[in-house]
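Presented below is the structure to which this report refers.
So that you can tell them apart, the chains are marked A, B, C and D in the order they are listed, and the count of residues begins at 1 in each.
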Amino acid sequence: MKKFDKDRLILGFAGPVLALVVALVLTTVVLLASGQNPFEPYRIMFESASYADVQVLIINQAGTYYLAALAVAVGFRMNLFNIGVDGQYRLAAMMAALVGASVDLPGPLHIALIVIVAMLVGAFWSGIAGFLKTTRGVSEVVSTIMLNSIATALVAWMILPKNFGEQPPGSNNLTTGEIPESGWFPGLPMGDMAGEIYGFTFVAAGCGVLYWFVLNRTRFGFDLRATGASETAAQASGVDAKKMILTSMLISGAVAGLAGMPTLLGDTHTYSLDFPTGIGFTGITIALLGRNNPLGIALSALLIAFLDKSSASLDQYGYEKEIATIMQGLIVISVVVSYELVRRYGIRRQQQKVGEELAAGHALTTEKEAAL
Amino acid sequence: MSGQGECVINASSSPPAVELHGITKRFPGVVANHDIDITIGKGTVHALVGENGAGKSTLMKILYGMQKPDEGTIAIDGEQVSFANPGDAIERGIGMVHQHFMLADNFTVLENVVLGGEKLYGIGSGARKKIMEISDAYGLGIRPDALVEDLGVADRQRVEILKVLYRGARILILDEPTAVLVPQEVDALFANLRELKAEGLTVIFISHKLGEVLSVADEITVIRRGTTVGTADPANTTTKQLAELMVGSELPSPETRESTVTDVPMLRVQGLELTVTDPDGTVRDVLAGIDFTIHQGEVLGIAGVEGNGQTELIEALMGMRDPDAGVITLGSDDISHAPTRKRRESGIGYIPEDRHRHGVLLNAPLWENRILGHVTEKPNSRGWLLDNKAARTDTERIVREYDVRTPGIDVTAASLSGGNQQKLIVGREMSHAPKFLIAAHPTRGVDVGAQAQIWDQIREARREGLAVLLISADLDELIGLSDTLRVMYRGRLVADADPATITPEELGSAMTGAAAGHLEGSEDEAR
Amino acid sequence: MSASKTIAARPAPKKGKDRRKLSLPVVLLIIAGGLALVSLVRVISGANDITSVGQVRGALALAVPIGLAGLGGLWAERAGVINIGLEGMMILGTWFGAWAGFQWGPWVGVLFGVLGGCLGGLLHAIITVTFGVNHIVSGVAINILAVGVTRYLSNFAFDGVQGGSSKQSPRIDPIDRITVPGLSDWMQDLQQQHWFLISDLAGIIGGLVTGLSLLTVVALLLVPATWWILWRTPFGLRLRSCGESPVAAETLGVNVYKYKYIAVTVSGGLAGLGGAFLAIVSTGIYQEGQTGGRGYIGLAAMIFGNWMPGGMALGAGLFGFTDSLKLRGGAENVHAMLLLLAILLVIAVFWQLYKKKYVSAAIAAAVSALLFTWYFLTDQVPSQFVDAAPYVTTLLVLSLSAQRLRMPKANGVPYRKGEGK
Amino acid sequence: GENSSDSGSGSGGDKAAIAYDIGGRGDQSFNDAAYAGLAKAEKDLDISGSEAEPSDGEGDADKVQRLTELARSGNNPVIGVGFAYAPAIKKVAPKFPKTTFGIIDDASVTGDNIANIVFNEEQGSYLAGVAAAKVTKSKTVGFIGGVETPLIKKFEAGFVQGVKDTDASVNVLPQYLTQPPDFGGFSKPDLGKAAAQGQLDKKADVIYSAAGLAGSGAIEAVSKAGKWNIGVDSDQYKQKGLAAYKESILTSVTKDVEDAVFNLIKSVQDGKPETGEIRYGLDKDGVGLSMSNPAFTKMTDVIEAVDKAKQEIIDGKITVKTAP
């Protein structure tokens, strides 16, 4: 096996690189076909990404995406498709903001309280789907889609001034009230114009490490992966599959609950009608693109955040910024297709090698035994 | 031989039904077939034997157009052919019953049969009529509108055969058709085969049960490590010789030599009841009044046609189902409602009947499969953390000691042949010094060499005081290995027998419900 | 003592045969019972709109796009390909439908909508079938791509055209609508009598024969047509076999790739038709963001309906019905539904008691009591909760009904020719 | 398409920019009106304008970045269209003290270089209510709001009050299409259609829809039923996309974002930048009822009542509520 390692490394890189090239070529074709300058948009995007403030924006956004994608990935690892991350993080952020705004505690405690509330709410919301799946067999795909919309309604109701929200004087917005400064998560200042990197971005990175550690180094993680790989085999091995489904749904929801925290604790300090939406769905893309692997997810989150932010100013230069969306779709497709092609190519190569060796007179068994 | 090529068929010297010449097929890391030559005469039953992974199924898939050979030629009735897909092979009158059922569970028998052959008799009443016609002609007893998932294995096997006959195949490939059948069913199948042969059909037959092979085949080809190593004439070959040809060693026997049964009870089951509720609300008993005790050093064999509650019994013992009544005692602990993990930790080993569903994670590497089921035990973990390094080292030991044929411990379980997967499972379960072992079909689909190893391991552990519950469809194995035999029928233990005196035929008839009570005079059941 | 001397005459441990099918009379009975209950609630609450002709018409109009997406999902998943890209294919349908529709008339629009959807389906087929990529990844990517492409193209195709903008197409001529002359009026009158059951029935029939767009008729017919094609023709048998056991199909000479391609392309076409319906019939224009997640809802309706056309239609109908209910004076209508729910739960209580499941019975009773209290203490439901009605209803129906969902066995499982066991 | 470029095309060299709200240019309402103001300024004041669109579901940080970039490249004023820009402007404005920041529909953030452009939507809606109450024969009128936000509730509040003050026996049916942050209620015309149909079935014969593009569905349904529509934001009688239904559009409640934007740009160019709250009400014709449908202007008693109410609001005799 050892001797294939270098090849494997090359092949491992060949995939993504091939994919990016193909995606760029296709995007260029689209630009050409619509009669636009095929290179200028890239230049604008890279130039825009060279500004410190855009870089900070990219990193902050990637942190948020990373958490959402981790939440999705926990589910995927169990063969659960949590489409509900979106509803979970919105509801969690809203409740956490409410609680955060209504108490005044010393700094770390205040932040901890907010974060814990967010995790609990997220877990509660996904837990409904988990509960329905384990007790009533309701597909989590359906229930989480429904719960997303129900979360929207619930948030809309709770944020009404007559319930828990407030309408700042002179504003047409509704908010949950501002969290006192003790509940703000300090960020890393990057200079006057650039703004600061949310402190929670580092927490997100920590979550990635934790995710890796739990999945690969703990008994629980093994059980979780086993259940995802084969529910029946896991059950026979002593895993309580139902409990596992519920647990991983709860974890997924708790992590989803964190997805709103970078923004809430680092920037807005309140939940309002214009709190970012749709992050849960982007999280699905990123988790899939990163193949549920913590490092892969991190790279994907950065990539998608880069495309998002660096394309934001395209329209000011007369280019349609939808081109970045097209590019995103093309990248996702070509990356996964190339993974597959590279995998098959690897297999063919291996096959060839074995054939050659055989032709050279080595018996199959020696090949096998040598590998031991 | 291929020089015979050009396709003029003389009535006088009719060409062989199938000629395979120089077939080579490579898979990643494995050469499944290497320069294989086989000629099969018309109207004969030709058996193919060989170890697990010898390349039998691959060869047949090539003949059936499912896989393309890397090299070599195929001639049917003297005419050279090249099949792009099974459709082409079917058109040439080839039919194949696969080693694993090729049935859509959620389809009716009728749908499964007509699929792909809709042009023959339509998909409605015409087809139903034809199916009944064939079913009656061969006594298959097929119900066209039954859902396949509701059928037992024997019925499924018959559906598979009917699928082939429905298409009017002249050349039948049967890949291990008897692995899941009881003797009576095997006899019925063989009767059918002889009938088919009399009608001029050619049958290619694969089996690990050499006795069967000798009884039904006209000619035998032995394959070893992907290539033909010889042919045998069943009339003057013994199973022993055949086995030697296959593996270069003696035919193993499951015979238990000396009794090691002690009178220390290891597992005691009293009044076990299990019911299931169907989606429509009806409650059925699947296990009723199950009582038995297994002592240290004892192998209790349970005979029975599949689907009579064996699976449920195993699952109740493993804690995968919660019994409605009854007590299960392991040693001195009541484990009736203990979770599976606790049972495994307290010393129950489990060789599942369906290894792909319950035994391995197909897409996980071998060393992770070694952890499966014993994640809380040493050497796999320390406290809450996994000990991957120790697990890997121990996997290497298992691979060595249990002769698992694999290029390494990082390959996925799926890339091992079934027999080797089984050896890994046995090795894993034995590595935790079980007090009580559930062995369900421990050698199903496993070649003779591996069979012997597995039997040896069970015997050895038994000598050291292991209690074993053995469930098997292979009655020779059951009789040979067990100290005590019980027969399960419709969720109850209806009969018991002494393995020393009972014959497979007698046991077989008890399994169909024809006999009950104690099957032989001598009452030496250890209770 | 253990070995009994007689063979117990217990039912065979094999599974029963008749457990799957609800016979037609039973289904009709359930529907009639449901209708009677709704009617009762209507009479008690006075929310006469819940079975009015307009309500049923509205429900139908809102259900059709969801149903078409669901039908699309059904085709793909019956052939073993998960299609989470329905949303994207629907978006393509709205865009292409409107683009061709405003220039060459609505029917050409419908055709292009279908073709647009097919394009998405074909792409999904190439990625999943030929390249063997994870179906969900591919679907998600198609959703992104469809959004990007349509928005991008709008800048060139609609911006600057009379009545259009970069977000919206010019108006498309409407498709003819049919009303069954005498029947429609008669039903309308009957419905307005507000009689128990009769008026409700009249409302439903009236809703189905009044101002029906021809495309709605087509969409409705597609449900039985799908059933017939998939369950009564050799083509359908082969297609479904690819979703249940592609390897078995392969061994019988079925070209699995071909059927998967066809199925997924048709799937896209149906979702595209749903999009075209939205653009041409529901609204008369393309509007960015118009599909608004209906592809996902369609997917949910399909799972709700157990991968069967009838069940899927029922699911889509449920969404359409509750959606329409909430849009047509939700506060009052949905308030009436509280009562319905409470009564349903009472029935559930008795059922659970009969089944001796006391805990579930107690829970159901408690929730029911809560609902009754809520109903009698208020006369409106906050509009925010009204909005959630379709989703809550679906969740409730799913969790209260016995779950025997069964997806095609090989759905989502990658398949490569010649690699089967 | 090709719109403004980065380099100033006007000889004047002054630059102004608007940053759009969700929907962006082409929404045929709010954002388009703002664009019209910019375009007018480009033409009349010889300035060069820039536009920037938001992406779906973005956060404050993106808006901060967008405004910063627009300000940094020398645009003055920089106008955020929509209340969602409030937190961003609060952060950016102090960093560019020489640049004027305009924000539409928000008066909560204040600063020396911030101009808060707000409208008395409720006043225009009040007049619509008066007209509706006068015109209805069935004594039932409908209100359709796109998304249930405080802003749209202002429309509802004014309308209901106008109806009730005119004829207390008239019943108002309010209906919202979606809840925030699901802004589909502004972009799904079929929802508007279903809601309008429901109100028509309940005998409503005048329906006021404040639902952005979803309103076109309502207008279609109402027009087919031969009843009256009241449009919103711009004069929908003149809107090309709705030409087929114009006869049924009795009037529209207008909100003059165009002039508001233009005025702000002009004030900056004139060297006297507007700052603080700039309120556009009936008095300044910032909101009002359109009078382009001859069928409406012919209803003299209705017009009379509307004019009277308008005067009373301007005179402060009537105060219109901003929340129902």
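Convention: a residue touches a chain if its C-beta (ideal position, glycine included) is under 8 Å from a C-beta of that chain, and two chains touch if they have at least 3 such contacts.
What you are looking at is a predicted structure, and each value in this text was computed from that prediction instead of being measured.
J.: Is the C-beta contact count larger for A-B or for B-C?
T.: By number of C-beta pairs in contact, B-C is the larger.
J.: Taking each chain's centre as the mean of its C-alpha atoms, which one ends up farthest from the centre of chain B?
T.: D
J.: Just give me the whole-number Å value for how far the CA centre of chain B lies from that of chain C.
T.: Result: the chain centres lie 43 Å from each other.
J.: Between chain B and chain D, tell me the centre distance in angstrom, where each centre is the average of that chain's C-alpha atoms.
T.: Once rounded, the distance between the two centres reads 75 Å.
J.: What whole-Å value do you get for the distance between chain C and chain D if each is reduced to the mean of its CA atoms?
T.: 36
J.: Where does chain D touch two or more other chains at once, residue-wise?
T.: Those would be 148, 179, 182.
J.: Show the residues in chain C shared as contacts by 2 or more other chains, in ascending order.
T.: In chain C, the residues touching two or more other chains are 155-156, 293, 384, 387, 404.
J.: Indicate the residues of chain A shared as contacts by at least two other chains.
T.: As it turns out, chain A has residues touching two or more other chains at 149, 152-153, 156-157.
J.: Output every touching chain pair, sorted by label.
T.: A-B, A-C, A-D, B-C, C-D
J.: Per the contact definition, I'd like the list of chain B residues that touch chain C in the complex.
T.: Where chain B meets chain C, its residues are 64, 66-68, 85-91, 96, 98-107, 111-112, 114-119, 122-123, 146-147, 149-150, 152, 163, 278-282, 284-286, 288-289, 291-292, 307-309, 312, 486, 489-496, 513, 516-518.
J.: What does chain D use to touch chain A in their complex?
T.: These residues of chain D touch chain A: 2-6, 50-53, 55-62, 64-66, 68-70, 83-84, 86-87, 95, 105-108, 116, 118, 148-151, 154, 179-182, 277.
J.: Using the touch definition up top, name the residues of chain C that touch chain B in the complex.
T.: Those in contact with chain B are residues 1-8, 10-20, 232-234, 237-238, 240-241, 244-245, 247-255, 355, 402, 404, 406, 408-409, 417-418, 420-421.
J.: Residue numbers of chain B touching chain A in their complex, please.
T.: 26-31, 70, 225-226, 318, 320, 339-345, 350, 352, 357-364, 368, 371-376, 381, 384-386, 388, 396, 399-400, 405-408, 410
J.: Taking the touch rule as given, give the residues of chain A at its contact with chain B in the complex, in rising order.
T.: Where chain A meets chain B, its residues are 1, 216-223, 225-226, 229-230, 232-240, 347, 350-351, 354-355, 358, 364-365, 367-368, 371-372.
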